[in-house]
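Comments concern the structure below.
Order of writing sets the labels: A, B, C, D, E and F. Residues in every chain begin at 1.
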Amino acid sequence: VPIYTRETYEGNEFAGVVTGLAWTAVGGEILYVETSLSKGKGRFTLTGNLGEVMKESATIALEYLRSHAPDLGLTSQSFEKWDVHVHVPEGAIPKDGPSAGITMATSLASAFTQRKVKRNLAMTGEITLRGKVLPVGGIKEKILAAKRAGIKEIIISRQNEKDLEEIKPIYIKGLKFHFVETVMDVLEIALLKQKVNSPLRIR
Amino acid sequence: VPIYTRETYEGNEFAGVVTGLAWTAVGGEILYVETSLSKGKGRFTLTGNLGEVMKESATIALEYLRSHAPDLGLTSQSFEKWDVHVHVPEGAIPKDGPSAGITMATSLASAFTQRKVKRNLAMTGEITLRGKVLPVGGIKEKILAAKRAGIKEIIISRQNEKDLEEIKPIYIKGLKFHFVETVMDVLEIALLKQKVNSPLRIR
Amino acid sequence: VPIYTRETYEGNEFAGVVTGLAWTAVGGEILYVETSLSKGKGRFTLTGNLGEVMKESATIALEYLRSHAPDLGLTSQSFEKWDVHVHVPEGAIPKDGPSAGITMATSLASAFTQRKVKRNLAMTGEITLRGKVLPVGGIKEKILAAKRAGIKEIIISRQNEKDLEEIKPIYIKGLKFHFVETVMDVLEIALLKQKVNSPLRIR
Amino acid sequence: VPIYTRETYEGNEFAGVVTGLAWTAVGGEILYVETSLSKGKGRFTLTGNLGEVMKESATIALEYLRSHAPDLGLTSQSFEKWDVHVHVPEGAIPKDGPSAGITMATSLASAFTQRKVKRNLAMTGEITLRGKVLPVGGIKEKILAAKRAGIKEIIISRQNEKDLEEIKPIYIKGLKFHFVETVMDVLEIALLKQKVNSPLRIR
Amino acid sequence: VPIYTRETYEGNEFAGVVTGLAWTAVGGEILYVETSLSKGKGRFTLTGNLGEVMKESATIALEYLRSHAPDLGLTSQSFEKWDVHVHVPEGAIPKDGPSAGITMATSLASAFTQRKVKRNLAMTGEITLRGKVLPVGGIKEKILAAKRAGIKEIIISRQNEKDLEEIKPIYIKGLKFHFVETVMDVLEIALLKQKVNSPLRIR
Amino acid sequence: VPIYTRETYEGNEFAGVVTGLAWTAVGGEILYVETSLSKGKGRFTLTGNLGEVMKESATIALEYLRSHAPDLGLTSQSFEKWDVHVHVPEGAIPKDGPSAGITMATSLASAFTQRKVKRNLAMTGEITLRGKVLPVGGIKEKILAAKRAGIKEIIISRQNEKDLEEIKPIYIKGLKFHFVETVMDVLEIALLKQKVNSPLRIR
């Protein structure tokens, strides 16, 4: 029996750690996507008890960033010189589906740029290879969980805007929503100019 | 439970994005095939919750283009210097079958040539390794979905022409059909001479 | 539900395209084996929804040709410089069994020599690694299908000759049979001296 | 039928051998994580009848150490020059779950630094890629097993502190608890400055 | 439905073709093991619808020969310069078990030495890595099949000698038996000094 | 149906052949572990119809020896220059479990040192990565089988000593037992100083 631990927002001191929103058997939940880089040769590792579709999301996110390297101040060679590991705690809980796509893209982009992620921000949305952000399910439950965890701003697909109408205003009071169409929209909102302390030097 | 989002046609500004037609449990649907290239060494990645037969279609399409590189103004070495990723949104929906073959071939050809795809065009058809276009099923449902999504022109196999007789004329009014025999027929119709903005330089 | 398209013979303009005979749930059928070569390093790809035994047939056929390269005017190095892809349309229909062995050998030999395949010829038979042609099942149904599709000559194993006695003479009238013992017998019958137009230059 | 052997604490003379706490069908148990290094090229081997999640824990632990190499007096190249093997006896008993994460991290860190592990110490906790220590289940049973085996100090997640309240004081009398938040907390407690006898020279 | 073809002995003109004895659902049967070599880099391919244990037999046989190369007038480098393919017709029939071990060893040895195999000889027996020949089952049925197929001499394990007592003398009249203990015993009996016509030059 | 052959002890003329004790559905049994080396590049092959846990035992044994190479008069490079194959006859019988661990370690050590194994000796015990020998099950049945096969000395874990009390003295009369704690204990007992005839030269 896995232990369901209720998460609370945990700050933005680490590059590559981004808060996502998941929809589980026991309701909405925040989750973290963590990316770690170490010098290597472009190996890509995924952990966290992830299903095939969720692994594909990470692959799409990484490929999107590789093919848009210059937009992030990176070169395509940067990706060949670092081993990339993406992890989604907690290991006892199986996870699947495409809705962590933009969270993974933001996590990877933060790790490669070493830029901080905006505080008290969470997100959910499918990513496509050309950078579109598709709508996902469970918006209501995810938003309730986000609020409970101390989140203040939420990024979702423009196509999920209509889902807010089903939620009583009291539940979303105090939350700021960003409705996005592209991954670049997400990164502009989520990544601060400021780098983390003692940043890695990625070239 | 996957979310079925109803697609509408989305323009042709991206190289490698081509509109296909699918036949799902809930009727016809348009879908996108997206190809992304990044500098690399010929690695081939497929995502989108694809079954074995659909993955084979992509393999056949890529091999067809590799062995006909000069016809597209490419060299066979071009394919060794780029990593190719083909994705079919949406990740939550399993997809299979050979009918996206010509869509994949067009997506790959657009990515490698950086030529724009004709506007408001969709297609469905199986590809063979010698470049024949074979007929596929669900033509009626696919055409209805295409029209609903704003498609104006449709490419299908010459052997699917007879399927149009089963459709009431009112449903296909305003649609232009292209009946093709070979992949080269498809590419001549689908690819514009014009390149996308800021094209990649493929050599 | 896969679409069963009834095939008709389609000419011999392509190197590597050979007509085989299959025995399916819905009776006999002709099928094509297509081989495509592209410059590479000896990679071998198989597509067409093939079962393990059918894939093994292709492996045996390729190995037979590699170890008999000089008999075809090739060198063993030829095989290291080209990537080989063998496909059997149609992707929606699962295919298995050893009976396409000689068809695959002929397809590969035609691709590597760029010699045309004899017109209106079909074949069925298992290949062994030393080049023996073994008998296969479903001869009656296969012959009926071949005739219906416009085939004029058929290659089968000498050990299948006895199966012709079960077929009423009217059904095989106008068909010429070749009873073979070895793959070299097959290639001598099936491959013309003439090369296809604009042949690849294989060395 | 596997043999369940009751373990007792066994000293700290070996680098890379760390005592963990497991929760099995037959109650709590101590277990050992063993890491062995041999000159090589960074190959990573896992044995001990481990499930996917437990294997992922080892992968996360290794990646954490690789990306924090300088904090342990190592270089990232150290990891490329040694083959790493992590084993969890006993082979007949299937093991899974994330709770050995910090035990694996400590085992790997001890092996790479050749530092001794603190005597009579056991631990249990999930590791995340950024180095957080998450709470795990079965704390009560694990503690009883630890005491029975001669353990004197136990490291658990700060978030597991509350689980101690369910245990009668008599059962935990004489045990010292360390409540940790990060893997670095764990390593500071668990690794002595002193190296093992005849240490390997890791550079 | 696979076609069971009744085999008859077929001569010894090919290097690498050796007659084995199998015990199938429909009784005893002779079968061929075929080995083909082509210039390459030591790749090892197995075909013929073989189960895991039968594949292991081929692996053991090849390793035995590699580690005893000088006894066959070969060098260990010989094995690195040739690709080896072992096939057991007929593809439609699944085959498994260790009893083809000595047949595979003889086939490989004949291929690498290009020496002819003794005429009208068949064999059955498990091989071990040190070269012992272990007894196998179905001896009675195998012998009947061998006689029916025109076999004159049979090699079996010394430990299978006792199985002959269960067979009526009339059934084994005219057959010569070789009872062996080691693979070297087998090769001394089975391989002639004479090479095949136009032998490959293996160095 | 596999054939169960009753083994008898077979001498010590081969390097790498060691007698183990197994506990099967039909009682105790001796079995052989065979290791063969051939010049290569450190490839590791396992055969004998082995389950995952038994394969892991071989991996642990090899890694133990690699990381303790100097204790055996070897260098860690020795292991990179030889391909290692471990086989456990008989192929028809599936085998699993950790109890052949020390037998495999002894087999590998004998092969790499070319030292003879003590005559009439058998052993059973799990190996851990740090070289501990853990107790295993079925001791009574294994001992009876060993005696029946002509074994005179048996190595088991110190923790299995208590299992001897359940055996009537008459059954173990004439057997000498060695109770061990570490793999090095095992090797000191099992490996003679004397090398086999015509030893391989391992460096």
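Points worth noting:
Everything below uses one rule, namely that a residue touches a chain if its C-beta (ideal position, glycine included) is under 8 Å from a C-beta of that chain, and two chains touch if they have at least 3 such contacts.
Every value quoted in this text rests on a predicted model; they were computed, and no experiment measured them.
The fewest steps needed to get from chain C to chain D, moving only between touching chains, is 3. Fewest steps needed to get from chain A to chain F, stepping only to touching chains, is 2.
Chain centres here are Cα means. That of chain B falls 30 Å from that of chain C. Mean C-alpha positions place chain B and chain D at a centre distance of 51 Å.
Multi-chain contact residues of chain A, defined as those touching 2 or more other chains: none present. Shown here, the protein chains touch around one cycle, each chain meeting exactly two partners. The ring of chains, read from chain D with the first step to chain F, runs D, F, E, C, B, A. Remark: chain B residues 1-3, 5, 14, 16-17, 32, 34-40, 45, 47-49, 83, 85-87, 89-92 touch chain A in the complex. Per the touch definition, chain E reaches chain F in the complex via residues 52-53, 56-57, 59-60, 63-64, 66-67, 69, 76, 97-98, 101, 126, 128-130, 132, 134-137, 159.
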